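Chain naming follows the written order as A, B, C and D, and within any one chain the residues start at number 1.
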Amino acid sequence: MPPADAEPYRTSLGTSSPDAIRLLGHDLTEELMGSVSFADLAFWLVALRRPTAGESRLFNAVLVALTDHGFTPIVLAARLTLLGAPEAVQGAMAAGLLGGGSRFLGTTEDTAAFLADGLAREAGRADLDALAADLVRERKAAHRTVPGLGHPLHKDGDPRTSVIHRIAEEEGVAGPHLALLAAVGRVHPAILGRTLPVNGAGVCGAALADLGIPPGLVRGVALVARSAGILGHLAEEMRDPIGRRVYDSVDRNAEYVAPDPG
Amino acid sequence: MPPADAEPYRTSLGTSSPDAIRLLGHDLTEELMGSVSFADLAFWLVALRRPTAGESRLFNAVLVALTDHGFTPIVLAARLTLLGAPEAVQGAMAAGLLGGGSRFLGTTEDTAAFLADGLAREAGRADLDALAADLVRERKAAHRTVPGLGHPLHKDGDPRTSVIHRIAEEEGVAGPHLALLAAVGRVHPAILGRTLPVNGAGVCGAALADLGIPPGLVRGVALVARSAGILGHLAEEMRDPIGRRVYDSVDRNAEYVAPDPG
Amino acid sequence: MPPADAEPYRTSLGTSSPDAIRLLGHDLTEELMGSVSFADLAFWLVALRRPTAGESRLFNAVLVALTDHGFTPIVLAARLTLLGAPEAVQGAMAAGLLGGGSRFLGTTEDTAAFLADGLAREAGRADLDALAADLVRERKAAHRTVPGLGHPLHKDGDPRTSVIHRIAEEEGVAGPHLALLAAVGRVHPAILGRTLPVNGAGVCGAALADLGIPPGLVRGVALVARSAGILGHLAEEMRDPIGRRVYDSVDRNAEYVAPDPG
Amino acid sequence: MPPADAEPYRTSLGTSSPDAIRLLGHDLTEELMGSVSFADLAFWLVALRRPTAGESRLFNAVLVALTDHGFTPIVLAARLTLLGAPEAVQGAMAAGLLGGGSRFLGTTEDTAAFLADGLAREAGRADLDALAADLVRERKAAHRTVPGLGHPLHKDGDPRTSVIHRIAEEEGVAGPHLALLAAVGRVHPAILGRTLPVNGAGVCGAALADLGIPPGLVRGVALVARSAGILGHLAEEMRDPIGRRVYDSVDRNAEYVAPDPG
């Protein structure tokens, strides 16, 4: 019997021989370097096809929208980690990405999945407003928030939302996820009794779903975008640090309270 | 005395108000989304200036070169982590990036620093071959390897090296780091007694240094590139997993040996 | 209005003054160092009370049971990360812990939560076998596995299970979670039509729940135990490495297959 | 030629068969669970021998000393990560450990290595004060700090230092590293012109070295201790969170400054 390892490990990504490097079935140096942009390669790695020019413009706009939101918990964790391990940039970047869970970045993925589930259930349904109303009513009945709605700061409208819709329209790549999210934006006030903005994370998730990114990878795309934002913050922390001041501001205000085992 | 926190936390990156989001001094939605590519934004976040078109092409080529090298230890760590925590993509991506230390990805940064140090010491020196020879001789005398030389597989020449040089020349953005690394490639055989290829990681580090990325951030740029490669592998692992087979192939071949406290 | 930071950050854990360090309301150097074991301190930090001697023996047994299971995906990720970043032990350890998600280590927490939910719903119910049968039937009806049952290797009985029960009995600290899990072990064959072992992770989760560890922290306790196991593997990797061989065994067997965008 | 994988992966740690689990050459369930404490097992995994009772007491005291120092950057990174990913406790713990680099926790390892190097160079030298003076003079001449000296808060003496020495003496396990560090504490004022305390991290590193932990693993031992402290903070963050307040305190005080590309 041949050893189990005689069975190869299949991959469609990078492989190398002594004189050539291949990636996604193309010669890395002859066909990709200098010819494909990094963002298009990132898209290709996940969607397994090269984006069109219009898809690329929307994909880049989404990545740009998701790159940095200032002093977020993610960024603070990365900067505080650099303070303790300045020699290991990879650790600080990893620490930042680890905050990209169900809250904050998770909204991109939750919205994509919410919209994809709705569309899958009601394939071919012409009246998106009626579908959106059903979905919002279901969430309300289940006492759950509606993914993609609401923002703690941009209460009267998230400025990213209309821009993503506009670029998708300009490039002719707007699809059913963006359309359904817009319908959710239209119909929810009558059902929920208040008007919430469609948020930037949600519209980015819808755009990525329209571009063909599987919902289970939408958060991963947001993490790639965020890795560049974290690097920007680590660069700034090296030039003009705030980590120690943040630490001191908490440590100085610490107050001991007796533990209560409940 | 005002509280220490009355002193603001300065940043040149993202800030938000209820109706606008700013990044690097520009309005995110009006000036950046749809207008700047993700790679250019990543460059901007680190170099604090927008790249020219020629710089952008070289920067993208470097990122593309660094994105994926197949089943590397980084990728295997990410895939094995996904096996144990499939619900936390951010953890698998972080686990992968954590292998981006002194070996493998570190070569980019080591080469950039090696070249920058050489150039700083010998500012204005016209004869790069003589400078390169001095640097190689010093490393040899110290029994240290020369950063940017050698590759376990591409022994007769790393195909990425000439492409990076060509693109840098085409775009008119080749600078002293690439020139010095080429000189190292020319002069080292006579000193070391054998001919080593200038490797892809090294030439990427030199190109990033010529583009103005500080050496201490070169590895961070490589990590951003690699985050997209890791995501591609996680997407593939979800479609066509190998993690459990890798685990089994090791576990099945485990052999107990008595501990030796030395 | 005073600044928000005038409000202190409360903690019951560590605080320091120039001449004393306090932890959990005790003087670290006068009352804890040399007097409390590390495991008891770990328990105390989570349960907010010092364990009794009997609780301590069971808690230590659980930690010992969870420390290492050989060449697991967690351990391989840690060793492969050390290969790429040997200078950053913290990164290798973190990479290992990141695999401590819903699979493998998650069984401890899933079992604790499953048992706690069952007990909460049926408080005071004397007949644990009847309760266990209801719980197993519900999982079966929902096409879900029963937490704590089954093991890929120890099919005829996990040797850890009886030992945890025995120690809990010896120390008089066996409680309703262990009892309910034992009932699940008794009643499930008739319902599921096959006999599965109560696994070690499950019995450890039940024991931790009986000791008063909140279910949401059970996996965290397992991670503390595993951190020691990972360190043992990193020590072994430094002495007698396998990381590069694992990498080579996969990379050498890589086979390119054309991507299929589906 | 047999496949490379025919060669087994050697380990002295955990191995399993259907009816037994072995660890360090012992039967896990028959010989270890209930019989060896978790801290002793952690020691054993690194030192490859079981500690004596006296060694165990000192080892536990060191672990207890290193477990928690309040609202450190490590703890803040962990808590901020939990805020973004409350479903992934392993990510928050990993984020915390990633700050265990060259600063803070690194002092344990730096001190152990500094003392071990000094002792190795001067094996058998009876006069430790003279050796210590040489070592301190060398660091001064090289404009480097002396590992193990100095503390930002405990300026007049770190309360942990004398306790570690006392326990080591009581248990008869004090060795040359602790003795040399004490000598450094005695002789440095005359050389440096000021009196610095021997700090807790340094004395813990010396004690671990005396116990036979290789210097390259000392930081890893500190990380195991810290994992319990981080878990305590994550438990507290779940009960009484501060993460969002820390985030708000920074974000609210953010001030945009124009980027300066230098």
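The criterion applied here is as follows: a residue touches a chain if its C-beta (ideal position, glycine included) is under 8 Å from a C-beta of that chain, and two chains touch if they have at least 3 such contacts.
These numbers come from a predicted model, not from an experiment.
With chains reduced to the mean position of their C-alpha atoms, the one farthest from chain C is B. Here A-C and C-D are compared, and the pair linked by more C-beta contacts is C-D. Distance from the chain A centre to the chain C centre is 30 Å, each centre being the mean of its Cα atoms.
Per-chain Cα centroids separate chain A from chain D by 36 Å.
A separation of 23 Å divides the Cα centre of chain C from that of chain D. Shared interface positions of chain A, i.e. residues touching 2 or more other chains, are given as 5-7, 9-12, 15, 70-71, 85, 87-88, 90-91, 94-95, 98-101, 105, 242, 246, 249-250, 254. The touching residues of chain A, counted against chain C in their complex, run 5-12, 15, 22, 24-25, 47-49, 85, 87-88, 90-91, 94, 98, 212, 249-250, 253-262. Interface of chain A with chain B (complex): residues 4-5, 7, 9-21, 23, 28-30, 32-34, 36-39, 41-42, 45-46, 57, 60-61, 63-65, 67-71, 88-91, 93-95, 97-101, 105, 153-157, 159-160, 162-164, 166-167, 214, 216-217, 219-221, 223-225, 227-229, 231-236, 238, 240, 242, 245-246, 248-249, 252.
Chain contact summary for the complex, chain C toward chain B: residues 3, 5-6, 70-74, 76-77, 80-81, 83-88, 91-92, 94-95, 98-106, 242-243, 246-247, 249-251, 254.
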